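Shown below is the structure under consideration.
A, B and C are the chain letters, set down in written order, and residue numbers restart from 1 in every chain.
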Amino acid sequence: MNKLTATALSMTLAASTPALAEDDRKGLASAPITMGDVQAVSPALAKYTQDALLGDLWKRPGLSPRDRSVVTVAALIARNQPIEMPYHFNLALDNGVTSAELSEIITHLAFYSGWANAITAVAVAKDVFAARGIGAEQLPEVSPTPLPLNEVADAQRAASVEQNVGPVSQGVVQYTNTLLFKDVWLRPGLAPRDRSLITVTSLISCGQVAQITYHLNRAMDAGLTREQASELLTHLAFYAGWPNVFSAVPIARDVSEKRES
Amino acid sequence: MNKLTATALSMTLAASTPALAEDDRKGLASAPITMGDVQAVSPALAKYTQDALLGDLWKRPGLSPRDRSVVTVAALIARNQPIEMPYHFNLALDNGVTSAELSEIITHLAFYSGWANAITAVAVAKDVFAARGIGAEQLPEVSPTPLPLNEVADAQRAASVEQNVGPVSQGVVQYTNTLLFKDVWLRPGLAPRDRSLITVTSLISCGQVAQITYHLNRAMDAGLTREQASELLTHLAFYAGWPNVFSAVPIARDVSEKRES
Amino acid sequence: MNKLTATALSMTLAASTPALAEDDRKGLASAPITMGDVQAVSPALAKYTQDALLGDLWKRPGLSPRDRSVVTVAALIARNQPIEMPYHFNLALDNGVTSAELSEIITHLAFYSGWANAITAVAVAKDVFAARGIGAEQLPEVSPTPLPLNEVADAQRAASVEQNVGPVSQGVVQYTNTLLFKDVWLRPGLAPRDRSLITVTSLISCGQVAQITYHLNRAMDAGLTREQASELLTHLAFYAGWPNVFSAVPIARDVSEKRES
């Protein structure tokens, strides 16, 4: 019986257990929200959570539970929603996301979501890591050997940034070309495909449609399949809300059509 | 003397009472923010709150206090702002929003704002409901008899979704056509006009302009008057900020003109 | 040794001190996040914070530490992120932002970010002010003598609002022309250039691109230099995330080119 089935069952059987924040009672909010709390406000929402989300969405093929956890965690950080972080950080670790990968996800999203989003995630993750005995040796190095740079592709990217951003802000150009693309993106603690997956997730989750084209193409170049992209949208309908997904659809469609032709 | 006048007066007379979170001292933040707290940081903001908001905006004709509460609660959930939820959930119940309606608003916005937004609202609402002795019998059923479906209109909607979303994500199509429009939208616990009102509120409050046209038309088809739509924008200028309202104005104008011609 | 250097050093020397929320242990979250907490989750993020942010970004010419604090505080309020407010409200006061100015920033952003954003900031600022012994005499008056109105420019602005917003919502027109531009914007507690700076910051930080053109022009009319605008974008890449800045770049470029020709 996998973790999700067990969780869904435990919700059904014992509604008063802290099902939404199982392993961490020291999150940002005063106390974890339990499935019993949800039922006390909306029995229908509790049912949708059990049946549509945990019992159906998370079990769909096309995106593994591990990838769904990566996407959910990234959406929560990008949208700065600590209330579900304790539950989903723990679920991610149970689903095969390593502590090193979760650490890298938080670091990466400091740049794509904003510094305070990462600090909010730190406030939750430190307790999750402590409760699981995750120490420094299970976290990525500060300055690891970087992945090899694709010089040709990066030169094109840098030329585009210089042309578009250069006339307005050389500071943005400088940090983009050095710190972001020659440092953060080359950190080996998270596979390039996963790094792109959380970047696209962050963009869709915050309605930042202007950058989806570049990063969805980059994600698919790095191995994200068309079926996975389709399921990413399906998954985010629930975690980022329907409107953000509907706004991303025309761009995803355009990317898909151009890659086929 | 209605509730708002009483509240405004009590703020004037006793600035140290917890005027912004009157009935709930166990909200997400450590302690409720009082009008005295606001004065300790910005006497001007306290004055604007008393005079422009409570003393003027909430008393304008065109939108009833009950509808203003529906809109305010939806804006706070859509923008994930727990700090004012205890005060406004209580005010909504005082203004005639039923506990069943508040429950449905939270459930509905899980789909339009994202799941974690609804869970944040649950964390506040459970305490508000408990303090008022609101139990399961005052909440909507899990699976009530659905409202009748407008088959013709829904077939058009479904065809549009299939055409636009279908090529990119059959998962999104499936959940949209079954779970969202043939289940959530047909729940009888919230009038279709109110369901559309909170959907439009959510879209405007988060700057999600792309979906306003469809949902504002749907709201007006369901009975939202032009004067109410005008006051919705006025009300949201304060609760979602001026820029979100200014971004919605051209779309609202376009909808209005097309409905007249 | 200036405050930032001292802070960066203290982070290096004593990672367990509450470096990110130095002076306020009663913020919204249960406990302040320390640099040691960041290291326990991501040693790399701690390093980027020390080296790229505190050791480099904040020391760049083009925008003074005082202006960087104004911008950072405005971004945190606009994005409703209390977790870093205790640290940055204190840093702002150390960097020369007066308590009266911080009070006005919160008041102003109630209108541009939404009322609950300002109340969230109040919840943090009241403790920061109390810890520093900042009382009513150091805060702006409720109804000070307003700054003189530029009648010609404001008549143009009002005509544009009447033309665009008038057909949809006379309520929005009324509050915009009286409360917003003939009251809030004329409060003398914050220089017009700073008021525009936080307005532009709020718009960029929330991806509200539609209003940037008007307010960036207004900021530059009020004295914001082109170099400062360039550094504003650089600074916000870290505090609002890269995508929001990249979305603002084409508009900033357009404004810049039109002002030159």
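Keep this in mind: a residue touches a chain if its C-beta (ideal position, glycine included) is under 8 Å from a C-beta of that chain, and two chains touch if they have at least 3 such contacts.
Bear in mind the structure is a predicted one, so any value in this text is a computation, not a measurement.
Novice: Once subunit B is fitted to subunit C on CA atoms, what angle does the rotation have, in steps of 5 degrees?
Specialist: When the C-alpha atoms are superposed, subunit B turns by 120 degrees onto subunit C.
Novice: Examine where the copies subunit A and subunit B touch and state whether the two sides share over half of their residue numbers (same) or under half (different).
Specialist: different
Novice: Between subunit A and subunit B, what is the separation of their C-alpha centroids in Å?
Specialist: 27
Novice: Among all residues of subunit C, which ones touch two or more of the remaining chains?
Specialist: 30, 80, 207
Novice: In the complex of these two chains, what residues of subunit A are touching subunit C?
Specialist: My answer: residues 26, 28, 30, 80, 103-104, 106-107, 110-123, 125-126, 129-130, 136, 139-143, 164-165, 167-172, 175-176, 179-180, 187, 202-203, 206-208, 210-211.
Novice: Can you check the complex and tell me which residues of subunit A touch subunit B?
Specialist: 20, 29-30, 33, 37-45, 47-49, 52-53, 57, 60, 62, 75-76, 79-81, 83-84, 205, 207, 229-231, 233-234, 237-247, 249-250, 252-253, 256-257
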